[in-house]
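Two complexes come next, and they have one chain in common, chain A, joined by chain B in the first and chain C in the second.
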Partner chain A sequence: MRKFKSLARPYFVWMLTLVALPLVVMVVLSFMKTNGVKFEGAYVTLENFTRLASPSVLVGFYNSMKFALIATVLSFLIGYPIAYIISKSNIRNKFLVLAAIILPMWSNKLLRVVAIGYALSEYNVLRSFMNTIGIDFMINLKGTDLAIVIGLVSSYLPFMILPIYTVLEKIDPLLLEASKDLGANGFWTFWKVVFPISLKGVATGVIMVFLPSATGFAVPYVLGNGNYVLIGTVIEDSFKIGMDYNFGSLLSLILIVVIFGALFLVSKVDKEGETLL
Partner chain B sequence: MAKKIIELKDLTKMYDETYAVNHINLYINENEFITLLGPSGCGKTTTLRMIGGFETPTSGDIVMDGVRVNDVSPHKRPINTVFQRYALFPHLNVYGNIAFGLYNKSMEENLERYGKDELERLAKEEKIKNASKKRTLNQEDVQKLKDSPVSKADLMKQIDKKIDESVHQVMKLVKLDGFDKRKVNSLSGGQQQRVAIARAVVNKPRILLLDEPLAALDLKLRQNMQYELKEMQRSLGITFVFVTHDQEEALTMSDTVVVMKDGIIQQIGTPQDIYNEPKNRFVANFIGESNIIRGVYKGNKIVEFMGAEFECVDTNFAPGEACDVVVRPEDWDIVPLDVAKLIGTLDASVFKGVHHELCILIEGREFVVHDYETFPIGAKVGLKVDPYEIHLMKVYDHEEV
Partner chain C sequence: MFTKLLDALFDTPNKAKVMGVLSSLFKLFFVVFVVIILYLPIFVIALQSFNDSRTVFNFGGLTLKWYEALFFAQSAHHNTEVVITIQNTLRVTFISTILSTILGTFVAIGAHVLDKKRRQQLILLNNVPILNAEIVTGMSLMLIFSLMLPVIPMFFGFWTMLIAHVFFSIPYVVLSVLPKLKEIDVNLYDAAVDLGCTPFKAILKVIIPSIQAGIFAGMLLAFTMSIDDFVISYFTTGNGFENISTWMYGVIGKRSLSPVVYAYNTLLTIITLSVLLLINLKGSKRQKPEWLKSKSYR
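What follows is the complex of A and B.
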């Protein structure tokens, strides 16, 4: 194994320069007032922290968490049954079914979101079809909460299904027999054996859906017609529009802390750390 | 007279076009330790799985207490299984695994198991005890509490207590006390094995099925477990159906051994029967080491083989009928050459601890003989065998020599 160790070196260099170093820079920037990335006339201050309570930040956090939470719960409610049915089914080639779920992920995510945006907008395919057969049908979801939720769920559902499916598939059928042998019927076996064991997959799925939903801004931006303030958009604006690198850095750091907090909670659920993390 | 607990009638299981179990008939008595013995693929595990309810018979019946149970699902049978790979629940600790079956039982079942009256009495006692902690009770108060009906929640509480007792009792039985909170994955093979057994017997099943439960253990542990299992079966009074391919295990533990091959029962009998009176070449070969020689029955308790005539005790052969002669290695006596019936040369000798395993060549045939002494390789050795230690078997056409 020793001789392969050196192969990991480029990776460490990569991580150091592109992850660790920027983090340090962000920490430094959060405690300073600078003019962009120029350090001329820069000074150390806690001023950035005082701005955390501003309405745009609070609303952004609230919206981000709200949508991420709803999207995660919905993904779980939809994804778990799908994963369970696939793992239980007698389909000869389960891989094909999984491929059908994964395949859309191969196209560009932004394109997919824009496509969903069109499908949900005032002039959509369904409406023109209904109109041609003479039914007046009008639905316009774009720019609503529902559109954002639909966008998030459709984007991240596969990330919920895959880990759950993997765990379910790995459950030894002998355990189910043992459970039945010990007097549990089908439902009880699921509730007492299958579901608790599959929680590890659920934990992974929750992280995989929650994190991008909470931090991303593309989906809400496109499907919300830009009307929603999210923590992602607040950060983006700080950097792009306000040229306020200090405040943007601070918000990013806080987001990181929140995410680590979430991961910590999950690791409490999954005590053996057997998730895909 | 022992009571039949389960009966297999003409039981058959086919996978595609091949017989896994081929029209077997077998009954199992209450309190019996019965072993299904055979090489892998002989249908012993399939038979066990049919009894447990995990496989549906292709044809034939499984009758339990006079009722056909072919289609009764596993969770409704008063049968529990110790699986070969244990199949412990990884998300539960030792206690959770053992209590699993008891928590699955309905309230009615638990009331019946622990006795409704007893549970009610305990619940009332506890109520009185709790009440007396708050204030001193006079005779009237006590009587009032005694007469008041016991609520369902109170009964449930008592059941939980009883379950807890049962679990700890059985943990003691399998020598796992104090292991309550341990993760099953952190246990050794032998300990996991004990959890698997405890998890099954805590339910007090009528029949316990054991599918090669000792196969994964090392020799010493396996031998210990053999005695412990036998002891457990005796003290619990549960019928054990044990599946193994290890003939020694089968002989050590069983009241009855069922030898199977290719889905067909070859012989049913006590370990002594199976060992001393094998019915055919397969059984003789499979159970212990044997020297099997083709011979001819001369009539009048005389059998001729290897060119010599021997006295024997079998009579159910016609004079001139061909037969297979079985002599166990330990039944040969090494005697001086002048009184020997057969004379051969020692080809090899292996020290086995208690005895030497001698390989003796007689007219180009190898005989395995166990003896306390050994001789130089190449020495002439004389052999003799007592009449009652010669066992004759009928010759079946399909068996090759």
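What follows is the complex of A and C.
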């Protein structure tokens, strides 16, 4: 089979063109002032770097980190027990349980966020429907921090549950028995055996929740009524509205450095990317 | 009543029993809580797709008119704009799913036989679009496509979106196929070649069938990622070509979404679910006993 090595070669070229080349372009752009990607009349400057200290960028970074951290911690606190319950349960068809967790992801992401926005508004179809069967409740959260957190957790929770579940499911039951035989009770078996093994699933889950929460711009835009500045919003504005490719490139480079740091950490824990799916 | 419960709690023989009941009650509440978190938007979307009232603010009885409007142009609520964006979405998704499944499978086969160091490099590169922020992937592709504009004018639109979708879908296929390749017996391929297969035919006849579960999982993931992609599509489209997500983003905050969108979304969820259920039913019937699986006697 070794002759099929050549099948992988074009993929290196393709990935380098679409992953590495843009990096080079971004580095060049972030040290210049250009008109989009047109280099006529362009000059080399450091003004993009000085703009990093502007309030909107700082607030954007702060907000992104804040929301992503809260969403990740909450997703972990909710996702780990659920993954554990599923892996421990004696339901025969676990496929169905997993399908139930993934099912919401087949609805359009953006529409789901819009729907959460309605569900968290004072008047919405759900409340109106509940009224017809005699139940009333009032939630008016849209535009608040909490709404954004709910939106993020609801959108990204499956990404926390699935990798943790994958690892928990693979744990050899003999290990648990051995731990029991050596005198550990349920708690110590969990803390000394199960939890350390499941950490690589947790690492993947944390990254899969943290990164999209920190860099997305649709959730805060919809659920925050457009009043929140996040790093994603700043980048989106600089490319789509301001046509300012230079500053946008610099911000993206900063994000890339952070992300690659995270990727490096995960590759330390999980060498072949087994828990990614 | 309450004291009895407390007594029961601290009475050692009963303690385990009570704790058991309490813990399963707690588990139940917890699961219900998670289901609410995950399904809240789905309830709202499904409800609105059957809502007789056009606005999402009140419920006006059940109807199927939005589903009718999705399929029939003569329907009073037909919305050409929505239908065209849905067609665009489906076109991009189907083509990119098929392309990335085929290409990803071959890349995975290639990667599987690479030496360890090269393979790890490939996996690292492969993980980039999965782990990278969508906004960074989107703008990276946009930069490359913009640089190609002088060569291919009016490039942005269907083709750029398709290339982008293939780009971020292949990694998912590679990642789901690779573990299956690890499980198969290396001698299978050699046996096929010894028995007179050409190498390519051996791949088609022996390798592909034994990794088909992985290929299918990868295809499903590629489809899932492509059908509702927003951020990357948003950065790589242009010249008026919109998929459902980018179109919705433009509409949000300006006017209310037509319930036809909700109907499309509900229908899509139902279809995906039923395809999966069907496959699961079929799969569980012909599942082999554990000892027959190649892993155990290798």
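Note that the second predicted complex is superposed on the first by the 245 of 277 C-alpha atoms of A that agree within 3 Å, B and C clash if a C-alpha of one lies under 4 Å from a C-alpha of the other, contacts with A are read in each partner's own complex, and residues count from 1 in each chain.
Rule of thumb we're sticking to: a contact is a pair of C-beta atoms (placed from the backbone, for glycine too) under 8 Å apart; a residue touches a chain by one contact, two chains touch by 3 or more.
No experiment lies behind these values; they were computed from the predicted model shown.
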- Task: State whether A:F239 touches chain B only (first), chain C only (second), both chains, or neither.
- Result: second
- Message: Is A:I207 touching anything from chain B or chain C once the two structures are fitted on A? First, second, both or neither.
- Response: second
- Go through the superposed model and pick first if A:I197 touches only chain B, second if only chain C, both, or neither. first
- Which one hits more chain A residues, chain B or chain C? C
- Now for A:L175: first (chain B), second (chain C), both, or neither, which partner does it touch? first
- Tell me which partner A:G183 touches in the superposition: chain B (first), chain C (second), both or neither. first
- Task: Using the touch definition up top, name the residues of chain A that touch chain C in the complex.
- Result: 1-9, 11-12, 14-19, 21-23, 25-26, 29, 36-37, 78, 81-82, 85, 93, 95-96, 99-116, 118-119, 121, 123-126, 128-129, 131-132, 150, 153-154, 157-158, 207-208, 211-212, 214-218, 221-222, 226, 232, 235-236, 239-240, 245, 248-249, 252, 255-256, 259, 262-263, 266-267, 271-274, 276-277
- In the complex formed with chain A, which residues of chain B make contact? 52-54, 73-75, 79-81, 83, 85, 87-91, 100-101, 104-105, 199-200, 203
- Query: In the complex formed with chain B, which residues of chain A make contact?
  - Reply: 172, 174-175, 177-185, 188, 192-193, 196-197, 199
- Item | Residues of chain C touching chain A in the complex | 27, 30-31, 33-35, 37-45, 47-48, 51, 53, 56-59, 106-107, 109-114, 118, 120, 122-136, 139-144, 146-147, 149, 167, 170, 172, 175-176, 178-179, 186, 189-190, 199, 203, 207, 217, 221, 224, 227-228, 230-231, 234-235, 244-245, 248-249, 252-253, 257, 261-262, 265, 268-269, 272-273, 276-277, 280, 284
